[in-house]
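What follows are several structures.
Next come two complexes, and both contain chain A; in the first it sits with chain B, in the second with chain C.
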Partner chain A sequence: MIDQQLVTVTIDGTPVRVPKGTWLVEAAKQIKREIPVYCYHRKMGPAGLCRICLVEIEGMPKLQIACNTAVTDGMVVHTQSDKAADGRRAVLELYLVNHPLDCPICDKGGECDLQDYAMAYGQGYSRSVDPKVSKPKAVDLGPTIVLDEERCVVCQRCVRFDDMIVGERELVLKDRGVRNIIATANGEPYRHNFTGNVTELCPVGALTSKTYRFKSRPWDLRRTTTTCTQCPVGCQMHVDVRVGVVQRTMSLEDDDAISDGWLCDRGRYNVGFYDDPARVTQPMYKRDGGWVQIGWDDALDIWAAAIREACAVNPASVGVVGGGRLTNEEAFLLQHLFRAKGVANLDWRAGSQRQASPGRNGGTLVDLESCDAIVLIGESPAERAPVMDLRVRKAALQKGAKVIRIASAERPYPAPIPSTDVATVAEAIKKLPKDPKRIAIVWDGCDADFATSLLEKLPAGAQVLTYITGEQANARGAEAMGMLPFSEPGYGKAESGLDAAQMFAAARDGKLAVLSIFGANPAMYRADFARASFTAVSDLFMTETAQLADLVLPAKGPFEKTGTTTNMAGDVLPVNAAHSLETPADALSDLEMVVALAEKLGVELPVAEEVDAAVLRHLAKAPEDFTLGDARFGTSVILSPSKDPERRRKAHVEGIAFNVVVQTRVFGGGGTSAHDARIAELCPLPEAAFSPEDAAELGVNTGDYIDLVLDSVSDVVQAHHDNVGHDLLVEVRNGMPRGTIALIGGLPDSPASNLAGARVSVTNIRRAPEDAAEAIGAPA
Partner chain B sequence: MSRKNLYNVGALLAGLGVTFKYMFKRKPTIQYPSRKKKHAPRFHGLHELRRYGDGKERCIGCELCSSVCPANAITVIGAENSPADRRSPGERYAARYEIDELRCIFCGMCEEACPTDAIVLTPRFEMSDYRRGSFIYSKDRLLVPPEAGTGLAPDDRPNGIPSDLGRVAEIKSTVSTDEGYDATWRGTILKTQTKGLAE
Partner chain C sequence: MPVVKVLTEGIGEANLRDIKVYRDRGGYKQLKRAFTEMKPADVQAICDKSGLRGRGGAGFPTGKKWAFLPAGVAPRYLVCNCDEAEPGTFKDRMLLEETPHQIIEGILLGAYAIESHHAFIYIRGEFKRGYEVFMDALAQARKAGFVGKNLFGSGFDLELTVHRGAGAYICGEETALLNSLEGKRGEPRLRPPFPAVQGLYSKPTIVNNVETLAYLIPILERGPEWFAAVGTERSKGYKIISISGHVQKPGNYEVALGTPVRKLIELAGGLRPGRKLMAIQPGGGSSACIFEEHLDMPYDYESLQKAGTMLGSGAIVVMDDTTDFVRAAFNLVRFFAHESCGQCTPCREGGHWLERVLHRFLENRGLKSDIEMLARVSHEITGINLCPLGDSIEPFLASVLKRFPEQFEARVARETVRA
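Take a look at the complex of A and B:
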């Protein structure tokens, strides 16, 4: 950027020095001179459609649009001259010819660019005597977005967002003249992972979120800026609260380093669980098979007594699982407390992910854009880290990066970008572009074989950047804070304890006396989960794990507590409690719980300043000696078929047994999405995918419904996993390996998450109702 | 008894004279609550939310009243009309509408701001109660019942409307017209009082 030529342009008498080629509207921003725009957006560049940014440039006979005029040396611009004001006024008058004046019921009212500009630059009255053109209001575009056709000013920001940023091209411009309107291609529902962004892009109230329609007005909202903790990307977001309820979330447009100014729909819309009636509001203790509500003091006494007794006998019989969903401070204090009691069995890995710190090659999210090739291993970032997926799309669509996926059982890459599917590492190496300068490896953190062998075989000379997407938002922070059985805070070596799998194995053998689980649901995501003699769970809801516990403690959610979190790229980001959000009176944050427990156990914890300093110190250090798939992290849980004939079951139909592959979907997670009525429509249906050959052999087609029975499973699978799946929608998917069945993990009513590696067979095939298909296609 | 005391008898009679004079004058006191004073045409009393002729609520839940309210007494939470349960014309209606009458200063700004003439201030002023909570009026008390003869434009409603009440819908208000406001004009009383003070 040093050799960039600077030019001087005079805007309203103030000289500005900017790089040559800067758009005039950006140059004006440097002297805090705002030029009104509708179609222009910093991330998408100019379109030159809306004509509202007219300015007067000396030497040019007519007014020019500031968004699509590059500055030249010596240019003299007037944004406030009479001529410019006249031009803007005329453009605004045309905008308002057909724009309805329903500001009182419009969700954008109060933060609307048309309203603001009409006040600032408009003439204040209409010369039009004809009635306004009437168009449909509240047009349902899809599960998330409603379009008001009357209000649309056809700036095409949403269309260009779909085209340039997301690449899905679902929104199009339809018809001509006064009937010119936004619609979805072929009238299909507007559905991808980033639809909510168009409501923010829309300068008027044409595109609105279903979850926020008429809930509030902008001036009612109390705004807090915090970090989204739904996935490890860590997008910065505004949380807007009214009457104690989260009404909406908004992206930060200038968050270039992490979210690039966008939010995914999961992060944006899955915020309605805080006031769900199913929330645990009081400590619950299981007595004689039933739950009783107890006070915090009793709960802490029971918990502390169990830990104290077990520690007195053998500290190795105490285990802690969790930390990946907590803040850095909470994870730090949690391990501090238990290490002080001599407990070494600490692990954040409550799911199938085994590693979160990419080690010395870890790259930033911005670096991803400048890679020549991006190799995806395991589950794609499209389903695990959607906003990171936008960077992958940007690299592929705008910068021509090559996207290669290794051995994925998934359907084609769920983004409309050119991607290459290969089966082996050797093939992937062959498909790499010639002389790559920078290669990114994006791994889901589960199965390390491909990642480690790929790292070894990559061509020398190329810079390799590694990324680990994952299941838990602060997994990397938890690792740095020492929530690992073999590492202390700051990745130092610790006295080795049991990892999660070993803890559950010990629990099965009756060797684990006390198991404390913080913000994790291993019963949902791990087939080998087993409860200890005394199990305490801190969570927001009665999760599958909590139901198996002895003591359930009401925790606070991420918008209800303050601290820091670490994203996948190692950035330390603030988590702030949302202003005026109503929290159940008896809920404690995990930090408060750990502090109270430490008091009962007589452990002295470091004071807040020491914790903050320790967190920053440990996170500033990159784990230099880690690589992808480091051997110390062990292997993921993979079930092996049972050797015990008693546990084997007969195949019911045709005798074909399938290996289960569990796949993540953005909205497929249980947990918070199961308790959010606002996003129920976005959750995928429970489905089962087969290869075409297997489907032909079974005689099923896409659209049929099937049930599954367990054929053979590992010995470790507990009885509560026997319910495998009912009413699964069949999808015949090209490219699936034969003999496998892909299920969606984490659905509230699909217990498939912990079946990875199990063998199932198909039963009770029900055909898709033929009359239903006819009803769709048949003319009336 | 001195001469001075005789003069005092005169003063006593003069004073009693005033008493007797007023004894035979017309009395401003009225037998409240059986009779009630008539209010000034634009008296600002208790609010009410009105309806259209077809029974739909006029309020669209736009919150302009609550944002203009200088006392921050109004809370409105909007919601979307469903085709099955259409509360107001258009898309939006007020799911919750609450006025804290203890906080209200009866300035009438809400009435001014309302784009649909939904909220009006009636002459009703008797709101006393024993609990503070009961001064938070929600839609169940603010909204006129559908059978209250609602629905016509402000100026041509059934049974006419006293012109001196302006557009305040007496006939639609929760004030009973039978009990009447036939007492002395408030203006008259004020005039008398001013006169009395001057004298």
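Take a look at the complex of A and C:
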């Protein structure tokens, strides 16, 4: 639509030069002239429904809508003429004929477009004397959203968002005329990963977040702009605080480069843990098997003494795990401190991800949109980096990119997205569009086999962009800052130390004296985790790892500290402490802890300016020589099944053994979501997914419940698990590879997280009640 | 003698639903001729030359509409609009039920003219009998080899798909029809893009009315000059008009455009004895009334436009002095409010508001200020809607408010006197 030829349009006497084809509303923005809109949205284009953007255009007898009028050269537009003003006034009066005018109890009051426009353009009274149409109030759409149908102005932004941006098409318009309402398709709960965005798209108080209803007035909120650190996308967001508590988060509409103006529900809603009573507020020391609260000075003394003693004997008996959830500055100082003590055992990789920096082929998030094909390997970006997944969807929905998934055990994309599932790299190559100009590889950073062989086989003419959707928000920053056993800050070669897996192995063999863990929970996600003789953990909560430690240090969360973080595309983004957010008095940021520990250990750290400069310098260096699955990162920590037949347990009832794939779910866990009452309802039930063929063979249907028994495992897993899963809800999933069972990792009280690579059998199948199976849509 | 028999030839005399009867009377001859002797461009040229204008309501020149199709883009579709639901209109229904082969032949000719290999017909949901008749006729035509692959050995494939509506007036609007045909909600689309550029399944699409397409047959048979010789300067040829209301012989009458209104009413048997003409709605529920003083006006597109109304679908409703114009206005406003899809605001909110106010008038509870308000609000919601439905509310209401204010005033509630 838009070409680069510039045209001049005169708006209220001011000439504006814009590319030909620009919508009039956008042209007006350039001279700060606001044309009111409800249905138009910059990311979704004109819809032509609300009719509030009426303007007078010379030479046209009727008022025109500015949203669907492309400017032409010499066009003369009046937005404030009597005729235009009268048109707007008339439309506004219509909006208020059936609007409940319940502003005093409406959450939108103070930031409502209907309120604002009625003040700016309305006539101040209504000619209507008849009763208003009544519609359902406080409609529970799903776990996150409540809808007031009477307040709705039927702009359909939410419906179009579900259609054009997310592709899930869950929200629909129902009925017609003055009785039309927003509803969910078939009355199903509204629960894709991006529902919260509709509360921001809604120009009025119709769609509201359950977490924010009746919580605050906009003018009572203190706003801070920061970066979301729930995943490696790094969406920019506003944090709104009142009475010391995070009341809500909002996207930045003009954040085109990173979030495209959207937030996922995890990032938006998982902010209620800061004031959770379970938070660690004091240093805790384990004495005689029980926890005692101690002061910071004692805690630092104990910690520093353990490190000092071990380093005196052998620095190789000291290890540090963490950094992927810290800021760049924290990760930098952390490795600086320990390297200064001669420690080389440093690794951020506390989970199953092995690599975060994509190397020379890294692309920007915006680049994804212009790819002809996007090949997904490993876990779905929908669950690991949801807002990045929105770019994948945008490329597919709006630009026709082909989405190909290799050997995916993940849920299929919603129907409007033409994704292709293949089993092998060779098939993926065959399914590529003809003469692709640009291909993106999106890899979860775990198992490298598909990624490396795909890179080798891609057609020569195409530009290849690679993306790694990791587990930890600042994994890429931690790598650049040198939290790797083989590289220094700036990816320089370092004296080689142990990686996390080797540290845990050493700990198991009694060879690791001190292990310090910063913002990581390996005990939950890794079967091979073992504590060292002395283990210190900094975290917000008593995680599975913290419970095994000797010393637990109360850390600050991401909204409580300041620094920078690096997203998956290498953008360095600000992390800002939220204004007036109440923080436990004794919590320290990891940076403050490192500084205090350095003092005790007698290590001089660089001053803040030097740190900032170093961070930028080291982040600027792209790791040119890395490629996906680079050998230096070692093999994936996913365990392979034991080869020893003695170790194999006899399969129980049904006798079919499945390879376990552990999958991330946006709301599946992590320390912060387990301690956030606001999102508890979003946490998925423990489930087990099978391919339709396997399900048929087993005789299970969607909605049934099963238990699992361990069939064969590596030595390590076996040590931990006798009971591997019970009451798992069955999902029959199309496109899944055969012989695989997909379990959700990170759920509280579910042992699945560290079962990756194990083999299990199914037992104790319980049928879903018939009506329940019908409701879920089980195959007959 | 103003009554002519072109499309209506044989209706009521022969069973035109039988393909044998239809063919014996010359049916499908023009189709064969077009496919074997003419190029698509020839058919287009003939249509253009005849001056045929769309018979669905908008009256847009058919040849000109076809010319909007971008050259060389395939596939392209022809959609026959048989979702006749304009209040007072019942001509397409008659053609559908009585002479379905004429519709099929017209569709096939139109599709050939625009080089479309897949045509659709969207039949109003309530036309159950018409649908059955049409399906039967289509089966006969298919058996005779007029629909399908390689028609008449020309190498030209042409498929015809039948779709039934589900009862929404709005789906007669061409872009809502296309949405409905695609399986979506029947809501008009924002224009541009126009259907000729991006229509059904985002492909170039022409939507033509049943009667429009049917007239292609006699135009091909007798030549464009024959058609253009009748009518007025810019309203050429014949038209089936549906006359209803207070006349003695309501029904469909095929006439030359430009026939005086008075003659049309005479055709329909005139008013009942002793009754006085009060108003005529000349072009369907969406048109403003004309009155006694317009009786000698020629019934054509330009004259009606000049009189502030329109020819529309050619549905004439005659109202005599027994008419309650408040009730009539309420009836039409309620219809439009009920049929509003509700996606755009003036039509959704305005229509319903006016309906509520008029309903109060029916109960003799009008307010004095309402009379002016009815006129103003109905005017304010006009011209700013996404589709023409919202603009259809004002014309009738405004014209009767102006002509018969006393009928409204009589329904204003008497002032309550407080003790």
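The rule is simple: the second predicted complex is superposed on the first by the 715 of 780 C-alpha atoms of A that agree within 3 Å, B and C clash if a C-alpha of one lies under 4 Å from a C-alpha of the other, contacts with A are read in each partner's own complex, and residues count from 1 in each chain.
As a working rule, a contact is a pair of C-beta atoms (placed from the backbone, for glycine too) under 8 Å apart; a residue touches a chain by one contact, two chains touch by 3 or more.
Computed from a prediction, not measured in an experiment: that's the story for all the values here.
Student: Looking at the combined model built on chain A, do chain B and chain C fit side by side or clash?
Tutor: With chain A aligned, chain B clears chain C, so fit.
Student: Pick one for A:94: touches chain B only (first), chain C only (second), both, or neither.
Tutor: A:94 sits against chain C, while chain B stays out of touch.
Student: Pick one for A:767: touches chain B only (first), chain C only (second), both, or neither.
Tutor: Neither partner.
Student: Applying the document's definition of touch, where does A:138 land relative to chain B and chain C: first, second, both, or neither?
Tutor: Touch status of A:138: first partner only.
Student: Which partner chains sit in contact with A:219 here, chain B, chain C, both or neither? Use first/second/both/neither.
Tutor: A:219 sits against chain B, while chain C stays out of touch.
Student: Give one of first, second, both or neither to describe whether A:243 is in contact with chain B, with chain C, with both, or with none.
Tutor: first
Student: Which of the two, chain B or chain C, is in touch with more residues of chain A?
Tutor: If we count touched residues of chain A for both partners, the winner is C.
Student: Would you check which partner chain A:49 touches, where first means chain B only, second means chain C only, and both and neither mean what they say?
Tutor: It touches chain C, and chain B stays clear.
Student: Taking the superposition on A as described, I'd like to know which of chain B and chain C A:105 touches: first, second, both or neither.
Tutor: After superposition on chain A, A:105 lies in contact with chain B alone.
Student: Between chain B and chain C, once the two complexes are placed on the common chain, what is the minimum CA to CA distance in Å?
Tutor: Result, nearest C-alpha distance in the overlay: 21 Å.
Student: Where on chain B does chain A make contact in their complex?
Tutor: Where chain B meets chain A, its residues are 60-64, 67, 77-80, 90-92, 115-116.
Student: What residues on chain A touch chain B, complex-wise?
Tutor: Going through chain A, the ones touching chain B are 102, 104-105, 109, 137-138, 213-217, 219-220, 243.
Student: With touch defined as at the start, can you tell me which chain C residues reach chain A in the complex?
Tutor: 168, 170, 185, 190, 192, 337-346, 348-353, 356-357, 360, 367, 369, 373, 377, 380-381, 383-386
Student: Please name which positions on chain A make contact with chain C in the complex.
Tutor: 46-52, 54, 62-63, 65, 68, 87, 90-91, 94-95, 97-98, 127-131, 133, 153-154, 156, 172-173, 175-180
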